[in-house]
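The following block contains the structure, expressed as structure tokens.
Note that the chains take the letters A, B, C and D in the order they are written out, and that residue 1 is the start of every chain.
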Amino acid sequence: MPGTVASLDPNPPTLPLSDAAIPGDLFARMRRDNLARWPTGARVDVEEAAAFHKTLPAHKRLPAVLRRAVAEGRCLTQPRGGFATLAMQTELMRTLDRDGMADIVPTTTDSYTRNEQFVQAQRGVEESERLGRSMLNGFPLVNYGVDACRALIAGIEKPAIVLSGTAMPKLTAEIGYAGGYTGYLGSGIAYTVSYTKETTIEEGIRNYQYVDRLAALYQEHGVELHRRQPGFLTGTIIPPSIAIMTCVLDLLLAARQGVRHYGLELGQCLHLVQDAAAIRACRELCQEYLARFGYTDVFTPVTSLHWMGAWPADEAQAAALIGYGGTLAAVGGASSVTTKSTHEAIGIPTPQANAEGLRTTRMAIHVSYGVRLDGLPAHEFEVDLIKREVRAVVDRVLEMGDGDVAVGTVRAFAAGVMDIPWSPNRQVKSRVLPARDADGCIRILDAGDMPIPRDVMEIHEEKLRRRAERERVPFDHQLAVGSVYELSEPLSRLMPAMVA
Amino acid sequence: MTGRTLVTGVIGSDTHIVGNRILTMALEAAGYRVVSLGALTPAEEFVRAAIETAADAILVSSLYGQGELDCRGFRDRCVEAGIGDILLYVGGNLVVGKQPWPEVEKRFTDMGFDRAFPPGTRTDEVIDILARDFGARAEPVRSAS
Amino acid sequence: MPGTVASLDPNPPTLPLSDAAIPGDLFARMRRDNLARWPTGARVDVEEAAAFHKTLPAHKRLPAVLRRAVAEGRCLTQPRGGFATLAMQTELMRTLDRDGMADIVPTTTDSYTRNEQFVQAQRGVEESERLGRSMLNGFPLVNYGVDACRALIAGIEKPAIVLSGTAMPKLTAEIGYAGGYTGYLGSGIAYTVSYTKETTIEEGIRNYQYVDRLAALYQEHGVELHRRQPGFLTGTIIPPSIAIMTCVLDLLLAARQGVRHYGLELGQCLHLVQDAAAIRACRELCQEYLARFGYTDVFTPVTSLHWMGAWPADEAQAAALIGYGGTLAAVGGASSVTTKSTHEAIGIPTPQANAEGLRTTRMAIHVSYGVRLDGLPAHEFEVDLIKREVRAVVDRVLEMGDGDVAVGTVRAFAAGVMDIPWSPNRQVKSRVLPARDADGCIRILDAGDMPIPRDVMEIHEEKLRRRAERERVPFDHQLAVGSVYELSEPLSRLMPAMVA
Amino acid sequence: MTGRTLVTGVIGSDTHIVGNRILTMALEAAGYRVVSLGALTPAEEFVRAAIETAADAILVSSLYGQGELDCRGFRDRCVEAGIGDILLYVGGNLVVGKQPWPEVEKRFTDMGFDRAFPPGTRTDEVIDILARDFGARAEPVRSAS
């Protein structure tokens, strides 16, 4: 690929794939090679960066802020946001901090950076400056380097996180963490299956083992950093259980590298009960599997994400999903919510529209007043269902790896035991097909080769059949395609006037 | 079967495969032979595939906002490769941010696309317009290589 | 009052106050006198109007539409809306019907009309035409008369309802019903206590006995009409039980006049659990008391109203209350929801902003997917609490009237046994003071002279004390005043950034 | 105690009593003697009450949108009644709909109000400004009739 930096092999093929922590000396060599891949890498020095992190006040450190949010039962807000130039990014982050009252301020990288096409990213910066508008869908963090990051961090009064949907995170993570970001989103399984076409699961896992190991290295220098897993996957009708399977596996991989502050992200199903059940099941299952592996000290806050599928173009209609997104996160007991804007269906939001989405969400959180659904029969039913699905598949994955999470995962994807809906990746079977049922919950229409227990699948099927019957459509894969569009439809189709 | 061959794919570093896949499925159901290149497809691959399969049209998807950079010179590539008159569509969320559609459309037709489609275009509409454009061209159906 | 029409006494003081149905001959005399009070009254002829109603298709008849909504478990949307001139009103109603997809289209009257100051209303129309903007806060329905109403009805494809917050409804009801409106909002207790200063409860009750008797008269002519009770009262921190007490009493008064299609409106508390509990308790208590009085055939759909207290000025913040308002209505199982707009804190919305509020609400209803909270322990607790409060007071009111609802109500208000927070009416003690508790529910801080059981009041007090403690403020009446403002505060005060 | 007397009320056919009542409570707590006329108060009643109580200021509330009609000629009434120099405030949601505040403010100051206050004004602010205005006027405190 033109502009791709791949001259040096950053993974010396010395060690076979495993979930073991990367040994210190090997990691040092890997880091040296990695940092040599682009000029700005030279500026990175973990000792110096750790010292810098120690100068940051607690309210600008995401690990501390998240621990406090969990202790106080708060739900924090966080948008996405990135523009091509430092000036635009500075203004954006300040607007999100001040007008949006974001509790966590993001820096989304552009898609060239995500694919390590730094030459193209550079052209994007230049074009953006020439035309006076952002031609990139994010901030080219590697091109700008460590000191630009520190300038961005200096401009806000909140902790900052790097959002860089990629299976090639090694330079953005190095520069982001050294630049004063206290959180980094991404994981080997989740991002490889949803953001790449040719990258192998093994490669993705190895790349994120590097990032996790890097966070652990900072920990060794006395600096706690936040790592986070994007369990929203392809954002497209993801059943909670499939998201949580990836959460558990990526989490175990991170824990093995030494990470102790690891967030899990779940895209909303847009169902009050199912989303609350998902958040609770995720939290409990993560700790359950950590305990099985002997970890009792890993902090695992759960983040809920505003609807990740296709949005309606009508801004009034979209506003409902924004407010509801705050409600779902708060009622579900998520520690933070990642927000969208009324521009979602069309394009990257202006800083103002982004800030409005944050405020609508924040107000929705305020009026949720800590309501919880525990004890509601339908909620307990969903929690149980999700747990049965996750345990069946994850246990099978672990078996396939003879206890090694990395090996098991690679084999499980090859066998279709792990599968992801609507994946662009050629290594993922993507035979599993979910759809929304008659009660509004996301169910599995076709499990492909995933070992979901038969009695569980009968529940899914029954609920989907009811929908097909109610709408007089065949019970087939069209249900899955319809579900992809569904919420982007105009209200005249979603909820037509009543014929009395 | 229409006897026509189409190339589809998502251009550049763009992973948004869902709409492209649904479009591909709909085009196949409408009787087209579709060569589907999937996500993250460089511009030159589209052209290569079109030549190899003697395609009648290329349908480029771009959702992630950087399409304006990725699509520059697409028609020129086709011309250089000797398929300068191939029908070229582009669709998706073509630019960064909410911009007035007529301006965006013009930018892409100026690049040489026969048509550009705004965010959220439904497959039925694409199939209708495609049939009309092929009808208007009234070209003989090419045979695959 | 200048412009007030009061020359003829419309209540011949022949009968003492009672809840008995107005005898036919007396009612005929009352109607004659009433219709003679303003020129447009002459056009009203119930026979002719009933014939007109029979030409309306079912989808333009509110009684039919509401019965169907209940049968299908739907939650309908309805905005408020009125402007000074027929042209403006026509455009408004069409916009609400088409762009807003309102299921029920409103005509809000202006405040001069509500107070029967038709001369002033006429000046308002003229000024509005001169200045090209509405100088009235609603449509002067009496001044325009029956045929203008029918033109408005002809312009929409939905049923229409008259909204005329007043204790003097007799001409608007006559003209509205004759004009083709199939619903009329208002009741003797609720509107008298929240919209008037000098009107006595007795007068208010008598005036609405007229309206209820009128609806029954149409029923005798084979035309079912919808009557509705505005249980939202002063819209200001109304505990569900107090709203429901007025619902039950007004409902019984209406049933005694022969009404069989009577809606109840509850302003939202903005608490997911308390609002759902309120809607269920209202529905059940209404039928419980109807049964006690021997009525088994009165249809009583419940409407939930978007937050009726002070709104935030920030439109992004307001958007959250709009979407949530749809959620609360739908999850509570209300049959319809009355909507507001992002302009609420500032002024009457433009038709477009009003339509946007409708669409945001409609989308929120769609994604609520019929979720219900029955079985959630906190929900059952609230239902029980509300019922204990309502029964204690309503039973006492009925006792005080020796079984006569009208007499009991008048005596109860005089004694403070029935009381309304923040009432402008001099006959209402308004000693009862509610406030929002630590969990976000509306509680009673001071019951005044209302006979709320002691053990129930202990629950209220305990919950409010917890709030005072948490916020380190004294446990006193300031809590009630603070609650009035609370949700209009900017987010920086409602939910400040976390100090980590 | 400030020794000053104020008249408050909600003008016209307006029932919005809540803000007016809270304002009244706050003014009393700030040491004013307040003559509170409540909701639905005709303009002439304000003037009559001000004369009877030798008030130093009238604070008119109007929330329901028709204040623009109700408040016309308010200052003239005061002049006719011989209290032409009394301090006049008006506050609330003064007009129908969302209109630019500077225009609305001007409409009311043109009617002769010394100050107009926009929707959502907090009581603290009213008390501050009132104290300043009384200070600036530096009038001797009147005694009640």
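The criterion applied here is as follows: a residue touches a chain if its C-beta (ideal position, glycine included) is under 8 Å from a C-beta of that chain, and two chains touch if they have at least 3 such contacts.
Keep in mind that this is a model prediction, so the values were computed, not measured.
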item	value
Interchain contact steps from chain A to chain D (minimum; 1 if touching)	2
Cα-centroid distance, chain A relative to chain C, in whole angstrom	45
Gap in Å, rounded to a whole number, between the CA centres of chain B and chain A	30
Cα-centroid distance, chain B relative to chain D, in whole angstrom	67
Junction residues of chain D, two or more chains touched	none
Chain C residues counted as touching two or more neighbouring chains	none
Chain contact topology (line, ring, star, complete or other)	line
All chain pairs that touch each other	A-B, A-C, C-D
Touch list for chain A against partner chain B, complex	1-2, 110-112, 114-115, 117, 120, 123-124, 127, 133-137, 165, 194-198, 234, 236, 310, 313, 343, 345-350, 353, 422-424, 426, 481, 484, 488
For the chain D and chain C complex, residues of the former touching the latter	10, 12-15, 17-19, 21-22, 25, 38-40, 42, 64-66, 68-69, 93, 95-99, 119-120
Complex contact set, residues of chain A against chain C	58-59, 61, 64-65, 68-69, 72, 74, 76, 101, 103, 157-158, 270-273, 312, 314-324, 326-327, 331, 355-357, 359-371, 373, 375-378, 439-441, 487, 491-492, 494-495, 497-500
